[in-house]
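Below is one structure, written out as structure tokens; comments come after it.
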Amino acid sequence: MVDRILNRGRDAEPSVAATPEPPADPKAANWARVQLARNLRRPRTLEFLGVIADEFIELHGDRVFGDDEAIVAGFAKIGDHRVAVVGQQKGADTEENLRRSFGMPHPEGYRKAMRIMELAERSGLPVVTFVDVPGAHPGPESEERGIAEAIARSVGLMTRLRTPIVTIITGEGGSGGALAIAVGDVVLALENAVYSVISPEGCASILWRTADEAPTAALAMKMSVLDQQALGVVDEVIAEPPGGAHTDHEETGLRLKAVLLRELDRLTAIPLDVLVEDRYRRYRSLGAYAELAGPAPTQPVPPRPGLADRLRGLLEAGQRAIPASPAGRRDEPPAREDV
Amino acid sequence: MVDRILNRGRDAEPSVAATPEPPADPKAANWARVQLARNLRRPRTLEFLGVIADEFIELHGDRVFGDDEAIVAGFAKIGDHRVAVVGQQKGADTEENLRRSFGMPHPEGYRKAMRIMELAERSGLPVVTFVDVPGAHPGPESEERGIAEAIARSVGLMTRLRTPIVTIITGEGGSGGALAIAVGDVVLALENAVYSVISPEGCASILWRTADEAPTAALAMKMSVLDQQALGVVDEVIAEPPGGAHTDHEETGLRLKAVLLRELDRLTAIPLDVLVEDRYRRYRSLGAYAELAGPAPTQPVPPRPGLADRLRGLLEAGQRAIPASPAGRRDEPPAREDV
Amino acid sequence: MPMKFPTFRSRQAGTAEKMWTRCPSCEEQLFNKQLEKAMYVCPTCGHHFRLAAPVRLGQLIDDGSWEEHDPGLVSVDPLGFVDQKAYPDRVAAAQVATGLRDAAIWGTGRIEGQPLAIVVMDFAFMGGSMGAVVGEKVARAAETALEERLPLVIVSASGGARMQEGTFALMQLAKTMGALERLREARVPYISIMSDPTTGGTFASYAAMGDVNLAEPNALIGFAGARVGAGTIGQELPPGFQRAEFLFHHGFVDRVVARPDLRREVAQLLRFLVPSEPVHG
Amino acid sequence: MPMKFPTFRSRQAGTAEKMWTRCPSCEEQLFNKQLEKAMYVCPTCGHHFRLAAPVRLGQLIDDGSWEEHDPGLVSVDPLGFVDQKAYPDRVAAAQVATGLRDAAIWGTGRIEGQPLAIVVMDFAFMGGSMGAVVGEKVARAAETALEERLPLVIVSASGGARMQEGTFALMQLAKTMGALERLREARVPYISIMSDPTTGGTFASYAAMGDVNLAEPNALIGFAGARVGAGTIGQELPPGFQRAEFLFHHGFVDRVVARPDLRREVAQLLRFLVPSEPVHG
């Protein structure tokens, strides 16, 4: 298995095509990062393991429906640490990409991840997750088999898992499909990775009414991990080799490994009760709001119907009860993110 | 819902066709019971609830794949007891029978049952199960979606569930498909119910090479619940009205209700630690074996291959390594039960 | 950076004379008074209209039992987000239009005498989108429910996470699920009620995870936008895709409940879910 | 009612001159010595022959580390079961043919130096059927593993529950699962290895429930008999139905492991599954 990984690593050695220098204009520079994050030759979980792991044994199956190859999971020995690994995997070629649904997990992938994380908890193994998920698979079967339930359950499990969790955003961190394997005690990121609540194309098509404004949306969402670090969503950014991670898997992996081992040393020394409470606090405190004094502006709650003569309130409410047309309803801006 | 149940109850009022007196010959008498247990007008979970429950609210879905209508689950108020109910349901007509797969649960049914039992544990509700399962659904999708895993998991859950469990074998208790909802602190049974490790037809076709010997197999397996009570697998048998349960749902339900309430009163007074330990012991002690003194007859374990010159042992083992032909392999008597 | 406090105008201003509403499903013209008496369910075709949060509360809880908590929570603009409109302007407009400070309100009340903590979302406020305020209210509701061992009910009506707050909005999935997991471990029951629509990150967090999941008939419930689902994958969508009955069929909704039955069913479920005496662990 | 102690004849009696075995898959005639060196995997087509329990142990555990437990457990005849043959006669014949007292043996040993409790089933003993003795041995192995915090490995080779013991055989599902659930709660790891065949009640209890499930290539693994699956339902069976690779594809097997790799992989898994220091709960 390790051999295979190493081969994969070699398959994806630096390409002759050098990456362009990031332009000066902030929007263009930011968009250039998005392109680097999406580079097809960027290392994924198995490529990283090929560089940083001395041992890896993959485990398969969700014990319910199937085995989703968009998510790889198993046990690895990294330095002196035995850990459980969960990460996304794209293909090195089209055939493999189809097998791995282009790295977009189905519910089975998240259910496999949960099974391995629970096993890690029982075995006292820290969990390391590699996140490069453009989004959960958006197909009908994905919805039929409960993609939202799987994401919610996995996020919930990770908030309470009684073992250290190190999450590394290595490429695209897209929406709930990424967060489902990205709730950690510490969130690391590679320099050119991105993290956002919705794809810039999706955001642009909803808020700007055209996907062409994706670079504008990407900048507005501050999706570069350097911006995310400033916001506290990402804890540490790991510098990539010049030209980007895809140009040197080995060097990228070694830089990542150094930070990962340091964090594993640190986290495994923390008592579990403290660790899990700190993790809860970390996510409990993310997000910004203000708190005003004074009475609630909320209108009085009308009594339940059947009790008579409160026409005024009823009329007011009546106005509010008019839904958008079914057509418009699907994407009333600014209502929703997509995968 | 309760209304609907009551209607179902009425649908199945005594039929004009009186049931034949059970013959004297033990094999025929035993077989007559099997026929009564399989009577199409026999009450199922919803019919029983219509008679014994003051309230019932059904819950649906396994949160993974679907909702299996061969299993009904929900909350019921029976006497002064609020309980969770899990039970099998057949149809009152062909359309409903198809919808409910003729009472043969798929994995989704057992996963729904587990979800409701875990919810009952969290809410401090006792669990009551109604068992009339000829077997788990034997179709390919059932295997594809893990019928064996679902049965094993459900059996395991019931052995440790921290709330009282009363199981009632009301009709056919067939194999693992029945046991998956039949692990209880107390196992009650209706007089004409049957309980077996395999259907008599399946047993006969394997051991007697013809399904025609089903009545012989039924007697040999001691599948009547009176025999099962003697073996300690069933704790108490509830007398049915003359002619069988199908002739009088109301009377059958009332007799069942009296015993059920008595057991709920008794079990809810037992501390949970004691209850769960007693349940473990109950199943830990089922089964008969002898223990001989003296050395193991087992031949010495041969060393791992690669170490040379132990031809004799190798030859011996070699003889043993010859498999049956793939054809014969499927049912080498007396190897296996079927669903 | 707290926002300037908006001045609230009555919702009826300039609309007082409008007495009729057209059903988007059967096109029937309905007298608002009659519609309200019918709990905003079309008497002709059964279409369930979307509800203002106060109206939803009025339909669910006992008269006079409502006490709102944390009414002062308001959104800020952490990213300085501007699309065709500045985020603060969108918020202010929504506040004026709805009389709410954000897309959810939470408080304590009673249903058929049983105390509970309840969160109600309002789709009219920026599509019921979940930002830090909605996440904070859900988390505080869950934490209060745990402390006081009150059952929790959340009525969802939301298009998902609020894009204008970027990953902060996404992080609300972890914030709310963390609080709900603690509630579950403490064996305090939680009922999720999904109304039209419940999609995206809202469905992929607390809405999907009730001990019991209820949904209103024909409510749109899904994760990915149908355009995405069909578009990017180019598959045909199954009939009734992402509707309440579809979710029920696939095992993710316990019961599809018509609005007139909702209060009674929630009350009945609470009588089973709330342990009479503390469960001896 | 203990049975009369059978006299054991050597397995090779009357077969000593037989030096060749025909591969049922590729029909190749294989020299037994060569076959054994190849761990009873056909060098030509990779067919995995069924193994005698002692041979399986010899392939898996460290030389000289095996210590059998509870060798004295033997089946009795609780139902007085007689089909075309009396149950006690079938047992006695199986004992003579296999040199085992029943379809499973259990004990303690080491794999690459790591101590473990291990149960090995033998299909040659009445189709590896699970009666009270097999259930008792699995339960004692699990209880010992819990007390001594030894990882548990079970190698299944079984057609399912033993019909001749009726519901007592069925109850072994609950007996074994009860013990395994306690093992799981105590965080002692359990690896299930499924060899050809693992079906019926054996698959529907401990075999399906490993923390890690391994299976040998092309092993028959399923619950219902294929005849039943096809026959009673009248559906066509998917390709590879109920084979190890089919179970892997459907998410119920972690790895399909060729026999020569099995010992190494189990040892590797144990190094991850066995907590180095006790997990602070």
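The letters A, B, C and D name the chains in turn, as written, and every chain counts its residues from 1.
Keep this in mind: a contact is a pair of C-beta atoms (placed from the backbone, for glycine too) under 8 Å apart; a residue touches a chain by one contact, two chains touch by 3 or more.
Since we're looking at a predicted model, the values are computed, not measured.
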item	value
Pair of chains joined by more contacts [C-beta pairs], B-C or A-C	A-C
Interchain centroid distance [CA atoms averaged], chain B/chain D, Å	25
Chain centre separation (chain B, chain C; CA means) in Å	42
Intercentroid distance (Cα basis), chain B paired with chain A, Å	44
Chain C residues counted as touching two or more neighbouring chains	250-252
Per-residue multi-chain contacts in chain B, two or more chains	63-65, 145-146, 149
Chain contact topology (line, ring, star, complete or other)	other
Chains grouped in pairs wherever the two touch, ordered by label	A-B, A-C, A-D, B-C, B-D
Of chain B, residues touching chain C in the complex	55, 57-67, 75, 82, 84, 108, 112, 119, 122-125, 162, 271-272
Chain C-touching residues of chain A, taken from the complex the two chains share	135-136, 138-140, 142-149, 151-153, 155-160, 175-176, 179, 183, 195-198, 202-203, 206-209, 217, 220-223, 228, 231, 233, 280, 283-284, 286-307, 311-312, 314-323, 325-326, 329-339
Residues of chain C touching chain A in the complex	1-3, 5, 8, 10-12, 15-16, 18-19, 21-22, 24, 32-33, 35-40, 49-55, 57-59, 61, 63, 66, 68, 70-76, 78-79, 81-84, 90, 95, 98-101, 105, 123-124, 126-129, 131-133, 135-136, 139, 158-175, 177-182, 185, 196-197, 199-201, 203-209, 220, 222-229, 232-233, 235, 237-238, 241-242, 250-252, 263
Touching residues on chain D, where the partner in the complex is chain A	184, 187, 189, 211-213, 248-255, 265, 268-269, 271-281
In the complex, chain A residues that touch chain B	63-65, 107, 111, 145-146, 149
